[in-house]
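Shared chain: chain A. Partners: chain B in the first complex, chain C in the second.
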Partner chain A sequence: MGFGGAAPGKERSMSASGAGNPARTGRVLHATLDLLDRQLRDRNGKLCGNVDDLEITRDDETGQMFVSAILCGPGILAYRMGRRRLGRWLEDANRRVHDTPRHHEPFERTRIPIVFAGEIGPMIEVAVDVDDLATHDMERWTLTHIIDHIPGSGSRAHQ
Partner chain B sequence: MKKVLGVALGVLTAIGGFVDMGDLVANAATGARFDMNLAWVVVVGVIGIVVYAEMSGRVAALCGRPVFDLVRERLGPRFGLANLLASFFINMLTLTAEIAGVALSLSLVSSVNYLFLIPFVALLVWLVCWRMSFVMMERVFGLLGLCLIVFAVAVWKIGPDWNQLLSGSTHPHVPHSETLFTYAYFGIALFGAAMTPYEVFFFSSGAVEDGWTSKDLGENKINVLVGFPLGGALSLAIMASTHLLLAPRHISVDQLSQVALPVASAVGRLGLAVVIIGIFAATFGAALETSLSAGYVVAQYLGWPWGKRDAPRTATRFHVVIMIAIFGAAVFGLSGIDPVKVTEYSIVLSAAALPLTYFPILVIANDARYVGPDHTNGRFLNAVASVYLIILLLVAIATIPLMIITKGGA
Partner chain C sequence: MRISDLLEYTVHAADGTRLGKVSDARVIQDGPVLAGTQAAFRIDALVVGRGGLAERLGYIRGRVEGPWILCAFFSRLERRAQVVAVTDIARWDDEAHEIHLTADVDRARRTLEP
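Presenting the complex of A and B:
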C-alpha cells in the first residue's frame, strides 16, 4: 500500500503507527489497518463511500501525530495513489453534478472530522447525513437523470 | 419444520446453481477428449470452492462485509484496483458466455438463430435484475437448474461398466493423442470453471442481501458442504456422459448443442426437453449472478450503496453498472464471437485471477475483529486453504504460457 501522493494541502507524513491522539479521541488505532479503505456508513445506516485517505495533524503541544479527519469523495483516492491529474479531473467532474449546494454544511464535503466517527469496526459509522457528503453527489445525479426515467424504479420494496 | 424446508431449499438451489456455461462446456469437452482422466480436477476444484465459499459466507454473515470490500481493505487500493479490473473483465467474458448460452438453449427449441435471441435474452436478464426479488430469483433458477440431473439419468441409462468408469477416474493418465500441455490446459479450464471468482462475489454479497447473521452459519455450512459437492457430482455426470457417448465416436464438443447430445441419445425426446430447460436455467441463473457481480465488485470497491433487496432507486450507480455490463456483453455476443471459445477463455482466465480474490478472504476469516474469536478458521481449515492458495498461485503462473503453447487448447 503506497502513499505516493497526499491530498493537496494536507500533511503528507503518515507513519506506520499513525495512531489517534488518546487525549482527544481516547482511541489508539493502527491507522493503515483499522481505518484506511474501510466502508463508511452514515447515521441512517446508508453506505456512503470508503475511507479514501486520512488527514494527519501534529499536536502543537505534545508533538504527537493524530488522525484529524477522514477524507472521502471523488478524486481523493486518485490523489492518494499519486494520480493528481485524474484526481483533479474527478473533482471537477463531481463539482458539475453537485447541483444542490447546502448552506449549512457542518464541514467540507470530502472531509469528515474524526469527532464524527462513531463505532470503528469492519464498518465505520459516521454521524453525518449521506446527502452532506460528496461521495453521494453522483448517486443522486444518477437517480434524477437515469434511474427515475426507467419504469419500475419505485420506492416500493419488492421482497 | 419451516427451517428444515428453508435449508433443504437452499441446498437444492446451491446444487442447481452450481453448474453454469463454464462447467457445461469444460466438463463436456474434457469428457469427449480426455475420457475421465481429468475427473480428479473437478474434485480438487469443488473442495477449493467449498473451503473458500464457506469462509466468504461466514465473514459476510458475521460482519456484513462481502468479498470485494475485503479485497480493497486487505490488498490496498492499488492491488485492489488491479483485481477489480481483471475480475470485471473476466466477469464480462463470463456474462457474454452465459447470455449466449441462454440464447443457444432457446434457439434449440425455436430454430431461430441464437444471434437474434441475444438482445431479447439480455433484456430479460436486465428485467430480472431490475425487478425480481433476490430470494425469488435464486430459487427459481436454482431449482430449475436441477433439471440437469438428467445427465446422471443419461449415464445410468447408458449403463456403463461402473468399475471401469471409477478406475478410469482414479487412475488418470495423459491420453496418447494428447500432450501434457493440452492436458494441463484443460485441467486448468475445469479448475477455473469450478472456482470461478464470481461465485464468491455473488455468494458473499447474496449472504448480505439475505441478511444473514451468526444464526445462519449452519445454513451456510450445509449449503456449501452439501450443495456444492452435489453440484460437482452433476459436473462429473456431464463429463461421464460425453466420455461414454461422444469419445468413442470421436466427436469433440465445440457447440453447446453437443453437450445435450448424450442425453438426447440415451434418454430420448423427454430427456432432451428436460436438459434444454436445465441448460436454460443454469445459464440464465449464471447470467443473473454475473450481471449482479459486475455491480457488486465496482460498488463495493468504491463504497457505493449496492444490492437489490430494496428498490433500484436506493442503489442507483450499482444498477447503472449492471445495465452497462449487460449491454456490453450483449454487444460482444452479437459480434458473432464463438460462445464456446468465450466460455473457455473466461474460465481459464478466471483460474489466473483467483489468488488476488481468495487471499483476502483467507486473511479476514482469521481476523477475530471481523468474525469474532469463536469463528476464526481452525488449523485444519487454514492448512487446506493455504495449500489451495499455493495451487492457485501455480495455476495463475502457468495459465498464460499454457494458453500460448497450446494455442487455446487446440
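Presenting the complex of A and C:
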C-alpha cells in the first residue's frame, strides 16, 4: 500500500500557532464526522478551503496509523467522491500550471501537515497563508491571465 | 494513503466473516509530540458496518439528545456498527481492499465507547 507523507515526528519544524504553549493532546475525534468537510481558516483569519481528504501514514514496524496531513484543493474532493482518475488528473494539472510555491522548502500546496492545525471545531485553524495553498489557484489564474487583460480592470498593464 | 482509500476497505474476522465496510476512524491525539506544539493524531480504531444514514444526519456516537424518538431509532440502527481496534488488525490485503483481523478479537469488545 502506498502510504504517503512523512511519519509523525519526522515532519519538518515550523512556527505553528500555539508555539510556546503546552503541547495539545488528548482530543478524541471521529475522522469523517469531526474533520472531513470542515472549513479551514488560515493564520490571518481568511477562509482557505475545506478539508477534502486526510492523509494517513502507517508505521510498518508498529502497525500504528496516524493522520499526517489535511488535503484540500483542486481534484482532492473528486478523488474522495470516487472519481479517482479525474481527481488525480486535476491535481496533476493544477500542480503543473501553478507550481510556484512561495516557500523556500518543498511544500505540497494541496497538503497541510497536521502539525499546522490548531483549533478544531466547526472551523479548523491552520498555521499557513491562504496564498500558499492551492485552494484558490483557479481564481488566481483567471485573475492573472484573463481579468487583468481586460481594459478597465485596473491592472498595471492598462494604466 | 488517504482516508477515502481507507473507507473502501471491508473488514473480515479471522474466520472469514465479513463484518462490513469501514465507515469512520476514531482518532486520538496521543501520539508523539510534533514540533513541540501538539501530539500526533493516532488512529485508534475503525468504525465498521452500518449506521450510514444515522451518521449523515449526525445522530451518532450519542451526540444528539433529542428528539428522543429519532435518537432511539438511530441509536438502534447504529448498534449494528462495530469498532475494531487498529491493534487487532492482522493483515491488509491492498489488492482486494480487505482488512483481516487477528483470531482472538472478541465481538463483545467492539463497542462504540472509547
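By our rule, the second predicted complex is superposed on the first by the 100 of 159 C-alpha atoms of A that agree within 3 Å, B and C clash if a C-alpha of one lies under 4 Å from a C-alpha of the other, contacts with A are read in each partner's own complex, and residues count from 1 in each chain.
Rule of thumb we're sticking to: a residue touches a chain if its C-beta (ideal position, glycine included) is under 8 Å from a C-beta of that chain, and two chains touch if they have at least 3 such contacts.
This structure is a prediction, so every number in the text was calculated from the model and none was measured.
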item	value
Which of chain B and chain C A:Leu40 touches, first, second, both or neither	first
Touching partner for A:His30 - first (chain B), second (chain C), both, neither	second
First (chain B), second (chain C), both or neither touched by A:Arg80	both
Touched partner set for A:Cys48, first chain B, second chain C, both or neither	first
Doubly contacted chain A residues - partners chain C and chain B	1-2, 36, 80
Touch list for chain A against partner chain C, complex	1-4, 8-9, 11, 13-14, 16, 18-19, 21, 23-36, 53-58, 63-68, 71, 79-80, 114-115, 117
Touch list for chain A against partner chain B, complex	1-2, 36-40, 46-50, 72, 77, 80-81, 121-123, 135, 138-140, 142-143, 146-148, 150, 152-159
In the complex, chain C residues that touch chain A	1-7, 23-43, 47, 55, 58, 60-61, 86-87, 89, 92, 94, 114
Chain B to chain A touching residues, read off their complex	63-65, 69, 72-73, 76-78, 80-81, 130-133, 135, 302-306, 309-313, 316-317, 319-320, 369-370
